[in-house]
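After this come two complexes, each holding chain A, first together with chain B and then together with chain C.
Coming up: the complex of A and B.
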């Protein structure tokens, strides 16, 4: 890990390839985004992450029993979303490291597309792949939970937006970490830091409840700020401009503020 | 008048304490220019500059009249450039088609059908039409070199920069490579670095020999061959005046250097001229030291 960090810092200092000045074109990003989405979804790390989520869920709920179809769908949706979160971090991180690991940086540096093209394409790949799946799962979950007498009445748009947005944030984290830490350990470390150090509980998910108040909007602000922070950091690795670092710092500040503002009175 | 499309003027480049280029100056007109030189002569550094991925410490580089140190002009060069690095690197989990397609997108070919047609064209050109759907990790080293060549040919670029493109290719593939490059040369410019003097003889109307970061020789293959005129002879053993000598398959020693009177002189090859030129410079350096 230390070696990887040293390597990243050395690269950052000596970034030898003179860069192009144009902005990435929308058509290039769409085309590359489709490829990246397909590669992410078919990558073993993604499939392993999904399987791991379902496996953990199965362990959590036991091996079954006499539950109805709707309950099964509910657990399947929840398990898939859990797996999707892990899988997205891993797959996005591995996809980001691909160019470095395969040694194509020099060749890519001689091409007219600016270096941001691949980073933005990776982000687009996250949207067209894992986030799209999260949206479909959310829609299925909405239908499955709507008839639930306990939770159905409390479903709302904030809850629905939260899930795909969380997947997008974790994809951006996978990409941002991959751009700055050129090691395959980056993705697993992000997951371990979230789960085993309690970071994941610092800003809990919003769960269906009658008492959401202003917490739901602040949670969405928090997610958008986290997304912006990591996207800006990833792009700052491609081209270190003060503007990108300023956006990252500003979004981070907003994210911290939004995290504090969603704490209910009396704390969690 | 011959117009130079690549102009290198008094270029210096250092990597730490190592001098890669020291006052290199030469021009390359349209057509194929072969770069010969021992390892460490600075060929790859020069080609990386031509490919706009490395900037000189001092000196001037011009490609098609543009200055790669100016951002807009660098972009204009990159839009007309095909580059095959010495170690290209591949996304091994991609198929040959996917990898070349990925690069085609980064070369701003965004219209899907036209791009796919172009990718198929270049892969067919290098003889990979039968394996374009195979993962790169499953391709042989020679096939991967051809994938690298295919991506360089995308869009029929005005300048081709090829760093040891024939390394690892079998004789048939090398012939195919010569055919592809010679057909495409025409009024385009090809910079070709190689250790294969046969490739230079067969392909290049112009050759530059590099040593210690500067150009030791510029001229035609005929002129380089003539460096060894009357200086190659056969004998039953290594001769006293020979700078280089090796035993042929038929048992005679082929000597290169200063022949004795009455020596059995033979016609030199390009390799003889190159070896004599580089060998004499190395010999002179040793003597000076």
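Coming up: the complex of A and C.
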């Protein structure tokens, strides 16, 4: 039996497609990243998610009567940011599942590019698409809200960094979940877990520095750790190396530590 | 319809029962039901779960029904003798009781004491809407891609519309954006049932 097992293993090894040893090239990632960004931004799930965010905010704030241009821009920016968060998770998840749903996932193994290329391109697509939009909306929101007596005092660089970083983290979650759970339910379940179960309030993604005080840097560490965890997990699906899981585990540990250090007594 | 046709459909239904059960996405259903249960349970800790958490969980369970008519083997099964409506009826007959049972269980979590009329009406209407949207979605997007647009339609009607147009914005079944709960959910159910029938009656065969 041992001989049969040994020969079976030897056969499997000799007939296996050798893994690529090269790293993904920057040129191919740039090219694929642009395509992924365009596909994400034009996907109905992204457009519909953005529209739903605006509709929900419109309902939450009411018509508001005769409001000025600044007020309209303010609510438009807020609604767009809310919708962008939902839309990014859905669009990134659907983009990750596209090759599987089209039945072409297995064919990637026959390409000369290493298997990580598509995952890194998806992450680049999130940066070039939703994160870029979040950055633009943050800049517009800064201009629109700086004179607002209620929200103006809370605007600072700390808040401005968090918005695109949160979109990047949620995009990475959408990709990571899509890589490990090959189901279209992944994205909606991530959103449902966030919105409906109260998980979002354990450590909110976006917090003003006035709520954190001296603990503010830990919130940025938490966001970066969450981003690193999901990127490492997404890449670990392509090639299950020990160091990728180690990076994911290390980043997760740092994230948990940073979360515990920023939560005030009694929770948020 | 003759007795022969009825017995033929029964035989086809019996033969389709196990393959249909096997190809339904039960893991997704279990996960969505668990997320719904967590939503209602945590909703209990934040207030009355019947106002937000249970309607959200209802939509989550109905979201699963949106993907019921996605068929990866559609190209193979389309030329078979069993009509599409009959194949889908078998899948619905298996999935709908499971969804209803899970939803019924959710209505007993925490301070909830079983379903009220408005809750049951909202679930029935949303389930019919999900099936109708799935049928229309698969006609527009193809038999393997109908679930996602159907989910969009369900979320729009069940969550976005009541928040957008409701006074006050709420997804509670007893506070629909238009009319009374009875007229609102009946109208949605009736329109969905007609759409569901139309989506199957106008097929070529």
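By our rule, the second predicted complex is superposed on the first by the 237 of 268 C-alpha atoms of A that agree within 3 Å, B and C clash if a C-alpha of one lies under 4 Å from a C-alpha of the other, contacts with A are read in each partner's own complex, and residues count from 1 in each chain.
One rule holds in what follows: contacts are C-beta pairs under 8 Å (C-beta built on N, C-alpha and C of every residue); 3 or more make two chains touch, one makes a residue touch a chain.
Values in this document were obtained by computation on a predicted structure and should not be read as measured data.
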(request) May I ask you to decide whether A:32 touches chain B, chain C, both, or neither, giving the answer as first, second, both or neither? (result) first
(message) Quick check for you: in the superposed arrangement, does A:249 touch first (chain B), second (chain C), both or neither?
(response) neither
(request) Please work out whether A:106 is in contact with chain B alone, chain C alone, both, or neither, and reply first, second, both or neither. (result) first
(message) Once the two complexes are aligned on chain A, which partner has more residues of chain A within touching range, chain B or chain C?
(response) B
(request) Considering only the touch criterion stated at the top, classify A:98 as touching first (chain B), second (chain C), both, or neither. (result) first
(message) Tell me the contact category for A:260 with respect to chain B and chain C: first, second, both or neither.
(response) neither
(message) Between chain B and chain C, whom does A:143 touch in the aligned arrangement: first, second, both, or neither?
(response) neither
(message) Between chain B and chain C, whom does A:189 touch in the aligned arrangement: first, second, both, or neither?
(response) second
(request) Could you tell me which stretches of chain A are touched by chain B in one complex and by chain C in the other? (result) none
(request) Spell out the part of chain B that touches chain A in their complex, as residue ranges. (result) 48, 51-55, 68-69, 71-72, 74-75, 78-79, 81, 83, 85, 87-94, 98, 101-103, 105-108, 110, 112, 115, 151
(message) Can you tell me which positions in chain A touch chain B when the two form their complex?
(response) 16-22, 25, 27-28, 31-32, 35, 39, 43, 98-99, 102-113, 117-118
(request) Would you tell me which residues of chain C are touching chain A in their complex? (result) 25, 27-28, 31-32, 35, 38-39, 42-43, 45-46, 52-53, 56-57, 60, 63-64, 67, 144-145, 147-149, 151-152, 155-156, 159-166, 169
(message) Considering only the defined contacts, which chain A positions touch chain C in the complex?
(response) 44-45, 48, 52, 55-56, 58-60, 94, 101, 183-185, 188-189, 192-193, 195-198
